[in-house]
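This is the structure, below, for whatever I ask next.
Lettered A, B, C and D in written order, each chain numbered from 1.
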């Protein structure tokens, strides 16, 4: 079910606006039109354009699992005009949604492999959908490590899920916070994500790494993985770049011959190695 | 503001309906110390004046960036008023004197581009001038209405 | 070190001689490392006059001076990617101004350009002691078709011969132009005939006139970007929050754009005419800026670009300011 | 191939105006612009091509001599990809599309080969993956009568990029002015052929064909500019060259080059109250890639200028197998500081090369030793704008 015009969004309603941290909320949206709700499908890694009346449109990755039907979720960090407007939305408010756009994580290729998820801050939102799918089909994958860091304990998102993942067997979840962000009673790691990654020395030949976080973190994680000898083909990241159309037309997210919105946002390190300095 | 000028509001509505079916949208930027108090006085004194003005209280007329005025016009205001303290009375000594220069340039440019200058007023209204406030709004509304009537059909205000 | 030439009879010869003096001066300045950069005029492979940035003495021979050197090079003095500054990082060439030999810059200015420099000085946007200002006496410039530029027709003598006390050196002057002394004098007494013409129209006629121009405006921002006085780090038209004026070109948003642009230049614009020259769709931008200048001159008795100490009249006031328009 | 009298064409245009719209070059204050002809002034505004170089203006109803600059300031792209286009209205109550559907048929007159070729390049973007329906609609309702170029100017370099002054790509019908009064007409597309058969005129004879060939040769010879785009590998190796800093130093980061370009297609989507509109945007502006939190991957103007060149001559080529430049010369002609795209592209090859693979390794190696680089601090905004 596609809208009549490529830029016209689907109408959705706010069902829930959950507070994650002081500046992150998770938005649950339900489609107004039942036919859209029934046919809207996406893959982990894809993104949507959300719009608020009179405020504008912005890009968000889909953070819910494709298996959860009837609604979608996006986690929104308050940084600008649109994100602030989203944080202020009332229950039942109208939100425009265009998409899903972009490619997705290569799930099939990841089957049978050991998976290492490395996320920082709100970057976990981009991996949450994938992690949910992977956990739902746990048997298809090898060992799983989730390394997640934030500036401080208060900045960790998806607390309940983190707890749940920590309690699962055959899944290692390591949480870390930046030095100074630990607070009393913190039992996790302290240190920047790339440093903790280096300390943990995970993986081997059969590992695939999926990483997302602030540009500076991705930069150093990629460099660290390089140093640790990971195959750039097996290092997967999802990029953020200013986007408007989501369709590879508006030119904003063009880097090298790639359009982050159309050819990405999911790339292997091998694909973007040459352009990485231009993006992050 | 509205609750303080409840009676005025109804009176204004009735007269507006008689003259013109379309209600005007006029924005007034009033300084907190003089003009806003003057408008307040007009309200508590139950003076009658048209209700088509929507008041935005600002600390000082010197705070009014011309961008604010243009934004009003762009978003569909039919008229804009900037009102501050009389020269010499500014709570911040001289904010209104800066405003005087700025609004002169703004008004001249509006007029130069063919925007009817009757749509943009500036006034000095002190805290004790409730009557002057009512008169100011009345003449403003009349002016905007006249500008509206003379405007060529099909030409948008902005 | 003042270079003097005789009054211009033959523009061609005189500009040629001036160009030679310029090259000599630039070569010396760069060779002595008195400056690290000379901003002057050059020639493109197509034969057009272009702004030229010279960093090495041996490149100074490329400097030119002719009737098409319209550019107001003062524009580049606030561009950190040209002259350096704490935030400047050159384009990977390492020759960004911050690293230039002495960090000092020489700039070639005509009299009309000089006025813009004075405004930048008064607004603390340049450090005058880091500049070597090379004034050029200007016999008047022409457009590509050889017609005199409109701004040059009214140029008074103290502008086509830049004021020596404000330059470090003056090249090629003084020039006199037949007829322009008296015309210039008239222009000084009453500068705004072009504005008066438009004011004489009815409001409806003015609306039609300007809306016609605004309908053409592409919002390419060339007028803003070429302006030596539009140096704001973040322009109001680039702000997203709040978005004061839509970036989408329409008569309504373009009217707001041009009004605010003129307002921000009121009491500052020195009428160098660069905006009008740059405009690809021929909007008479000088007539907009000069309206604001007229209001400032008549209302506040101020003319921009005469005094490096003078502040813009819109950051001041006077007790006797006009207020007939206020109720 | 037919010979059409100017009178016959004028009659046809007038007939068309009864039902549809006419877009044609119009003279405004000494410059030509493509404009939709006014309902009232109609053909009186039309600037007829003068014919062979040096020929006098045609006689007839208020003819206008073409100004010296005979290529229009604007390209024809704005009639397909408008400067500002309302997309939809989003109110708290609901979403309503604003894309108009009932446009009248349009005839686009006297488009030059560079412009019509530019349109075929835009087609690859807007009619390729994720077709843009409003662009498609604009293409469908427009019939393009092209005009061969007899007097290219010193900025033109279409012949280096697969086009030419007598090119017909993207036209429905092609006209060549023989003199002020007669045109050679050729149907190019099916639509154009059908149209031509409905117009009265004699078949072109040998003499006219010969004349046409002479004119073509003269026009092609008049184009003296060349642009030599280095091969893709050579381009890639110059990406990091200091060259880009040098050639872009005087750039003012305005949008003239992009907005007048027949192939530049970048846009923005913005809100005007409850309206969401699409409008042109330019990669030369530093706001183009600046994100909400302030970080900007193309903060410096050399990175933006480089992006423009690489997008046209490298990335587009890789994605669509053609350069997104048609050699119309507008960007150079109208640049306020005369930055010359052909000169800059021609200079790439002679700058020193650097292996992009080596660079990538350099990045990975350097990241651990080099502290935070520019562009990661949200308030760090070094470029002028």
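Keep in mind that, in the parts below, a residue touches a chain if its C-beta (ideal position, glycine included) is under 8 Å from a C-beta of that chain, and two chains touch if they have at least 3 such contacts.
Just so it is clear, the structure is predicted and the values come from calculations on it, not from any experiment.
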item: Rounded Å distance, chain C centre to chain D centre (Cα mean); value: 31
item: Interchain centroid distance [CA atoms averaged], chain A/chain C, Å; value: 49
item: Distance from the mean Cα position of chain D to that of chain A, given in whole angstrom; value: 38
item: Shared interface positions of chain A, touching two or more other chains; value: 80-81
item: Of all residues in chain C, the ones touching two or more other chains; value: 240, 243, 253
item: Touching two or more other chains - residues of chain B; value: none
item: Graph class of chain-chain contacts, one of line, ring, star, complete, other; value: other
item: Chains that touch, pairwise; value: A-C, A-D, B-C, C-D
item: Contacting residues of chain A [partner chain D, same complex]; value: 3-9, 11, 51-58, 79-83, 93-94, 96, 215-216, 219-220, 222-224, 226-227, 240-242, 244-245, 247-252, 254-257, 262, 273-274, 276-280
item: Chain C - residues contacting chain A, complex; value: 240-241, 243
item: Residue numbers on chain C that touch chain D, as the complex places them; value: 44-46, 48-53, 71, 75-76, 78-82, 87-96, 145, 216, 218-222, 224-226, 231, 233-235, 238, 240, 243, 246-250, 253, 274, 277-278, 280-282
item: Of chain D, residues touching chain A in the complex; value: 87-88, 90-95, 97, 99, 125-126, 129-134, 236, 265-271, 273-274, 276, 278, 281, 283, 288-293, 295, 297-298, 303, 307, 310-311, 314-315, 318-319, 356-357, 359-360, 363-364, 367-368, 372, 376
item: Residues of chain C defined as touching chain B within the complex; value: 195, 198-199, 203-211, 236, 242, 244-245, 252-253, 255-256, 258-260, 262-263, 266, 288, 291-292, 295-296, 299-300, 313-317, 319, 321-323, 325-327
